[in-house]
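Shared between the two complexes below is subunit A, which pairs with subunit B and subunit C, respectively.
Now for the complex of A and B:
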C-alpha cells in the first residue's frame, strides 16, 4: 500500500514482553485485603426439582461468610434471579430446579478456598429427579421432556430484538431462509444427495479459566475485575440484574489468558457480585479446570443437508440445522441465526431452504466458540460438496470454483457480496498443496490423500465500537478502547492504526485496557470484528485529532489543510517535510501551553437491513465476509485407522493486513485448534453426565500432534470501508479445517466420515465395513 | 480444587511407616511421588487424615545392578529409570516403557512403586516388567515377602498388598541370551493421551528358530495381562500359521472394555496389529543381530 509507515508492517507484539517475562497482570493475580473465596456446589442430576437444601452445618463453620441458595436470591427485591444475553433463562443459582449435571446450586464464600470447599461438603440437597432430554433430535419431538416451561427474551442486543417468547417447546429459536423454488428444483434434479453430519460439544480450554473479583469501593460502587471478552456487556447485565445505575459499576479487564468465545457475555459476574453485596467484602471466584468444562461448550450440531444436481451443477439445497444449546440458551439463538443463514455455502445456488433450530437439552450450556457455529455448518456443506464432486466425477476444486460467488453477486440471503475472495482462497489452497499432481502410491499400510475445503463466515451485524483517542503535548497518545487483548494482538493492531493516522511511532501509542469508567462501549471482543470496528473507531477518532492539528498548522503556515500530512511526529506539507510543526509547537500555538490534551471520540456502527423472518432475505445482512479455504494432505494407516496430517495450509481473506504476521498467526492458531477438534476432541456424556471433564481425559492438540508442515496464506482483498482496507482474521483459519481433513481421508482410503471427531476407530470401522470383512491384518510393514 | 487438611507423617524407616499405617488404618495412606493421589485428593474423591510420606525414608530410591538383574527401589522416579545407564544398557525396554508415562514433569516426580501399586490397567511400565519376570519385595506388619509381578495385579486399582504392607522394590531379572524385547504404545487420539493399549514382547532365538516368546499387554483388561500358553512357539519359525495361533491365544486372554480410547472391538483389533508389529520388529532385530 502506498505511503504507509507502520500499517502493513509485521511489527512485534507490544504485549509479548510482559507476557513472556510473567509480568502481565491477570485477574487471578489480584489479591485484596480480606478477600473471600468462592466454591460452588453443583447438581449431580441433569434435571431435578430441588426439594430441600440444608445448609445449617455449612453456615456454622468458622470462616464461612455466607452460604447462598437460588431460592434466597429469588426472594431478594430488585434482583433478577436470572440472566442471559438472548433469554434471561439462566439462574444465578438454581431456583426450584436444576437443568444440567453441573448446574450451580449453592455458593459459599469463605476466608479461603479450602474452607469454602469444606463447607460445601456439609450442605445437603434433596433432589427429585425429573425426566430429562440429552439428544437434540429427541428434544424437538413433542414427546420430549421440557427443559424450560417458559421462555423470557432478554432484549440486550439489537440483532436479537426479534427473538420471541416461545411456546411449550425446547426450540428456543427458529431461523428460516427461503429463496427460489426448492421443491421444483428437487423434482427436476438429475440426482439428489441427502446426508447427515454431526459435530460434538467441545470445550475452549483457555489457558486461564474464568475468574472474577468483585468489591465495593469507598463510595460503595461496584468494582469488577473479570476475565471477560465483553466488559461493556458485563456492566449492562449487572446493571439490569441488580438495578444498579451504570455509573456505579466499574468493570475492568486486564490481559486475558485466552477466550475463544468462552468468556463472552456474563458468566461468574452476577454470582460474585451478589456475594460481594451480601458480605461487603472483596470476593473472588476462580473456576477450576473441571468447572470450566461444566460452564460453557461449543455447540453440538446435527445437520441434515439435501442437494439437487442438474447437468452437473448444484440447483437447490435444503439444510436443517439443529443446535444443541444445552440447559440455557446463552448466545445460541444468535449463533443459530448468523451461522444458520450461511449454511448453504458461498455458492450460486438459485433455490435454497434453510431451517436452523436452537434447541434446549439437559446438557452443559453451549455458546460462542471461535467461528461462532460456522465451522459446524461448513463441516456439513463442504463435506457434502466434496462427496458430490467425487460421486459425479467432477474435480473437487473445479466443482467449488465454478459456482463460488463473485464480487457483486447475491448471497443466499439476497445480500450482494463484496470483498469476497473465496475463489482466490480456493485457488491458493489448491496450488499450495499441488492439488493437480498425481497422488503418491500407497506404501505398506500407509495411504496418502489430499483434500480442499472452502467456506465463508459473515461478521456480526449490527454491532458497535467506540474509541477515544487522547493526544498529549509531547506527541504521544492514549487510546481508550474496550477491546480486550486476549492474545489476538489487538493492542498492537490498534496501536499501528492510531500511529499511522497520527504520524507517530507505535511506541508513542498506549492502549488503555478496558475499564468501563473510561473506555467507551464495545459490543464484544469476538467474531473477528475488532480490527474492523474498533480499528475504524480508533482511526476516525485519531483522524479528528489530526484534522484539528492540521487546522492550526494550515493557519500558521498559510497552506491548505488538505495539503498537510502527518508523519514522524509532525504535521507538514506533503512532499516538503521541513515545512511543518511538531505536536508541541501546535499545542503551543493552539493553547499557549503544553499542559493540555486533545481528545476525540468516534463510533463505528455498521447497520444491517431488516431480515424477513419468513424468507431470511435482507438487502444487507452483514458488513463483511471471511472467505476461508484449507488444504490438507494426510497419511492414513489402514491397519489402525490413524491419521497423520502431513501438510495443513490455511488460507484466509483477511482484507488488507494491518500486521501480516499477526494475520498468519491467527490463521494458524485457529487451524491448529481445529486440528484437535477434527481428530479427537469431544465432550462425552453418559445420560447427561460429562465423562471426560478434565484435562486427564479431554486432550487438546499439542506440539506432538502438529502436522509435519503448516502454512498460512493471507489473501488480501481490501474492504472499501475497513481501516486501511482491513477486515478481520480471528476465526477464518478455524472455518474449513475439519472438512479439508475428511476430504483428504476419503482421497486417501476411500471412506467418508460424517461425524466429528474423525477418530482412528471410526476410520478403521469404515474401512472394515467397506471391505465387508475384517481388515486384512496380515500385511505388516516388515 | 483444594485438599482437605491432613497431617503429613514422616517416618524415618520402613518399620516406622508400617506402624503408622497399621495404627491409623483407613485414615492413612502412603504417599510416594503423589502424582495420582494428590489429584484424587484435590477432587476430594479420596480423603485421608494422614499421609505417610515414603520420601522421608532414606534409600528407597536406589537403582542397583545385581548379579542376576536390576533392583529398583519403590521411590525411584520414572525419570531416573528412564535415564539410568544401568537400565538403559541391561533392560532398554524398561527405560522405554517408563519414558512413555505422562510428561517429563510427571515422570520427574512419579515413583516406580506408586505406578505399580496404583494398578491402573493402562499404565506403560507393567507390561514391560511382566515379560521380564519382575518380582516385588513387600514389607508389612507380618514381615517381608516376595510377590511375582504376575500375581501382583488383582483387579482394577487392586493389588496383592495387604493393609499396612508397602512395596519396597522391584527386582527385574537379566534378559536371557539372544533375546530382544520391545514395548509399543498406541495412543489412538492425541499423542499425549493415555494409551489405547500397550504391547510388550520378548523373543528369544536359538538356531534360527524361536526359543521363547513372552507377551504382555496393558489397556485390554482390568489389569495388565501376561499372556500364558505361548510355549508352543518353541522351536518354531514365527510364520503366518504360528502368528495366527499366537493371536488366537491372546484374543482369549484379554477382556477389553469400551472406554474413551476405543471400543472393545477396536482394542481387540489393535491388540492384533500391535502384537504383529512388535514381533515383526523383534524378528528383524534378531536376524540382523
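Now for the complex of A and C:
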C-alpha cells in the first residue's frame, strides 16, 4: 500500500511500560473501602435435586454480610434467576437442582476471604442425586437423563436469533448443511473413508483467573470492574437480569491477564452484582485456579466423518459433529453453528452433508476457546484428509492444494470466498519445512516425520463495533473503544490505524479503555474480529474528522479538499508539505479558539445474509476468512512412544498486517498453546467429577515444550474492506496444529492417532497394535 | 495466631502484624500493596507470584510470611532504581516478550536470578531455569530472545565497571 507512515510498521507496544514494570491495572488491584470478599459453595454432585439448605450457622458468624441461595434469588420479583448468551439456562446460584459437579450453590460475602470460606463450612445442603449423563454420544440418545427440562432462548445476539426453545432433549442446537447429492456420490465412489475423531475438554488457563468487583456509587448506580472480554454484553446481560436501565450500569475493563475465550459473556458478574445490591457494599470475587477449572472449558468434540473418493478426488463428505457443551449452553450454539458450517474444510467438494449438534451433559460448561471450535473440526477433517492421501498414494500437500478453494469459488455454504490465501498458506508451510526433501533414515529407535495441515475459520458475522475519535486542539487524539486489551496488542493496532488516518504520531493517540459510560457498543473482543471491525470503526471515525479538517483548510488555502492529505500533525496539499495548516491553526480558523474538540463516531456492522435452516446455504455467511496451515517435523521414539517436536511452522493469512511482528507473535503464541493441547492437555473426569482441576495436575505448555525451531509466517492477502486491507490474527495459529502433529507422527512411524491428546501411551499402544496386526490403523475402507 | 514480624522487602524493613497462616503473597499484595506480585495457581506451579528470596526465585504463594523474616525479599517494584527501566525490563520491551503480561513480573525476576547465577547460560539452561514460569500467551520464543539481549547488556555493563 502506497505511502503509509505507520500502518505496516512493527512499532513497539504502547502498553509495554506499565506491563513491564508490573504497574498495569488489573481488576485484582482495585480495592474499595469496606469491600467484601466472596466464597462459593459448589455442588459435589453432577446432577442432583436440592432438598434443603441450612445456612443459619454461617449467617451467625461475625463478619459475614450475606449468605445467599438460588432459591432466594428465584423469589426476588425483579430479578431473572438465570442468564446466558444463547439460552437463559444458567442460574446465578443453583435453583432447585444442580447440573454439574462444581455448580455454584451458596455464596457468602464477608469482610475477608478466609472468613467467607470458613462460613461455607457451616452451610449444610441436603441433595437428592439424580441420574446424570457424562458422554456426549449417550446424551443424544432417547434413553439419556435430561440435563434441562426446557430451553429458553436469550435473544441477546443477532446471529443467535434463530435458536429455538426446545424440550425433552439434550440437543439444544442442531445446525444442518446440505449441498449436492451426497447419497449418490457415496454410491458412485471408488472408495469411502469413515473415521471418528475426538478432542477432549480443556481449560483456557488465563494466568489471571476471573475476577469481578461491583459497587454502587453515590447515585446508587451499578459500577462493575470486571476481567471480561465483552464489557458491552455484560452491561446488556446485567440490565436484562436485574431490570436496571442501561445508563445506570457502568462496566469497566482494565488490562486483562489473558482471556482466550474464557472471559466472554457473563461469568461472575450476575452473582457479584446481586451480592452488592443486597449488602450495599463493594463486593469482589476472585476465582481460585481450582474454581477457574469449574467455570468454563473448551468443548469436548466427537466428529464422525465420511468421505467419498472418485478418481482420486474427494466427491462427497458427510460430517456429524457433537459438541459437549456441558451443563449450560453458554455460547455452544454459536460455536456449533459457525464452526459447524466449516467442518467439511476449505475444499471444492460438490456434495456435502453436515449435522452439528450442541449437546448438554452434566459436565462443566463449555464455551469459546481460542479458535471458537474450529480447531476441533479441523482436527477431524484435516487428519482424515491426510489419511486418505496416504491411503490412495497421493502426495498430502498436492492432495490439499488441488481441491483448495480459489478466490471467487463457493464455500460449502454457497458463499463466494474472497481474500482466501489457503493455497499460499499451504505452499509456504510446505516450503518452510522442506516438504519435498527425502526423510532422514531412522536412527536406532527414533524415526522422524513431517506433517502439514490446513484449514480455515470464518469470522463471526454479523457483529458490531462502534468507535468514537476525539481530536484535541493540540493535535492529540483520544479513541473511545470497547475493545479489551488482553495481550493481543489491540491498543497498539488501533493507535496505528488512527494515527495513520489523522496523520499524527502513535504517541499522540490515546486509547481509552472500555467503559460503557463512554465507549460505544462492541460485540466481543474475540474471534479475531477486533482489527477488522474496531479498526474499521476507528478509521472511519478518524476519517470523518479528517474530512472536517480538510474542509477548513480547503477553504482557507483555496484548494480542493481532495488534494489535501494528513501527515506530521498537519493537513497539507499533496506533494507540497509547506502549503498546509496544523491542527491548532485549523481549530483557530474553525472555532476561533483552541479550547475545543472535534469528535466523530463510526460503526462497523458487517451483515450476513439469511442462512437456510435446512441446507445451511447463504449468499454471505461471513465477512472474511482466516486460512491457516501448520507444518511440523517430529521425532518419535518407537520404544517409548515419546514425541519430540523438532520444528513447528505456523502460517496464517491475516490480511495486510497493521503490525507484522505482532501478527507473527499471535500466530506463534496460538500455535505453541495448541501444541500443549495437542500433546497433553485434557480435563479428566470420573463420573462427572473433575480429577485434575489444579495446575499441579493439569499441565500447560512451558518453556520446555517449545520446539527448538519455531517459525511464524504471515501470508498477507489483503481484504478489500479491511482497514488498510487487514483482517485479524488472534486465532489463526491455533487452527491447524493438532492435525499437523498427528500427520507428522504417521509420516514418522506409520500409526494414526484419532483421539487428542496424542500421548506417548497412545502412540505406544498404536505401535504395538500395528506390529501385531500389520495393517494400517485408523481408517476403515470399503 | 497473630504476631508482629519484620520483613525486609525491597531494601526496606516492614513491620507488620500477620496471621500465622498468611502466605508471603497475601502479605505482599494485601498489606504492602505490591501489585506486581500476582496470584494465579496458588500452589507453587506457575511462577506468577515469583519474588526473589535472597536472590533466588521463590513462589510467594507457597511460602508462609512468618518463615521469611530475616531474608531479603525483592519484588519487581524493587528492581532497578525506579527511575529508569532495568535492562532486563528493556530487553522484554525490545524483544516484545510480553502480551497480556500477567506472567511478566515473575519472568523478569526469574531471569534476573538466572543471569546472576549463570551469566552465560545455554539455551538448555534457560529453558530449564524458566520452566517454572508459565506464560499462557506462550511468548516463550520472545522471552528467550529477551534473555539473550539482557545477558549481553549485563556483560557490557560489567565490562564498563
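Everything that follows uses one rule, which is that the second predicted complex is superposed on the first by the 772 of 782 C-alpha atoms of A that agree within 3 Å, B and C clash if a C-alpha of one lies under 4 Å from a C-alpha of the other, contacts with A are read in each partner's own complex, and residues count from 1 in each chain.
What we mean here is this: a residue touches a chain if its C-beta (ideal position, glycine included) is under 8 Å from a C-beta of that chain, and two chains touch if they have at least 3 such contacts.
Keep in mind that this is a model prediction, so the values were computed, not measured.
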| item | value |
| --- | --- |
| Touching partner for A:257 - first (subunit B), second (subunit C), both, neither | second |
| Touching partner for A:692 - first (subunit B), second (subunit C), both, neither | first |
| Partner chain in contact with A:639 - subunit B first, subunit C second, else both or neither | first |
| Partner chain in contact with A:288 - subunit B first, subunit C second, else both or neither | both |
| Touching partner for A:680 - first (subunit B), second (subunit C), both, neither | first |
| Which superposed partner A:628 touches (first subunit B, second subunit C, both, neither) | neither |
| Residues of subunit A touched, compared between subunit B and subunit C (which is higher) | C |
| Contacts of A:362 with subunit B and subunit C, given as first, second, both or neither | neither |
| Touched partner set for A:208, first subunit B, second subunit C, both or neither | second |
| First (subunit B), second (subunit C), both or neither touched by A:273 | neither |
| Residues of subunit A at both interfaces, subunit B in one complex, subunit C in the other | 114, 288, 290, 696, 700-702, 704 |
| Subunit B-touching residues of subunit A, taken from the complex the two chains share | 113-114, 117-118, 121, 288, 290, 639-640, 642, 676, 679-680, 684, 691-692, 696-697, 699-702, 704-705, 759-761, 764-765, 774-775, 777-778, 780-782 |
| Residue ranges of subunit C in contact with subunit A within the complex | 21, 35-43, 45-46, 48, 75-77, 85, 89, 92-94, 96, 98-105, 108, 123, 126-128, 130-144 |
| Subunit A partner contacts - residues on subunit B that touch it in the complex | 1-5, 39, 43-44, 186, 188-194, 240, 260, 262-263, 265-266, 269-270, 272-273, 276-277, 280-281, 283-284 |
| Complex contacts: residues of subunit A adjacent to subunit C | 12-13, 15-17, 19-24, 26, 28-29, 114, 204-209, 255-260, 286, 288-290, 486-489, 661-662, 665, 668-673, 694-696, 700-704, 706, 708, 710 |
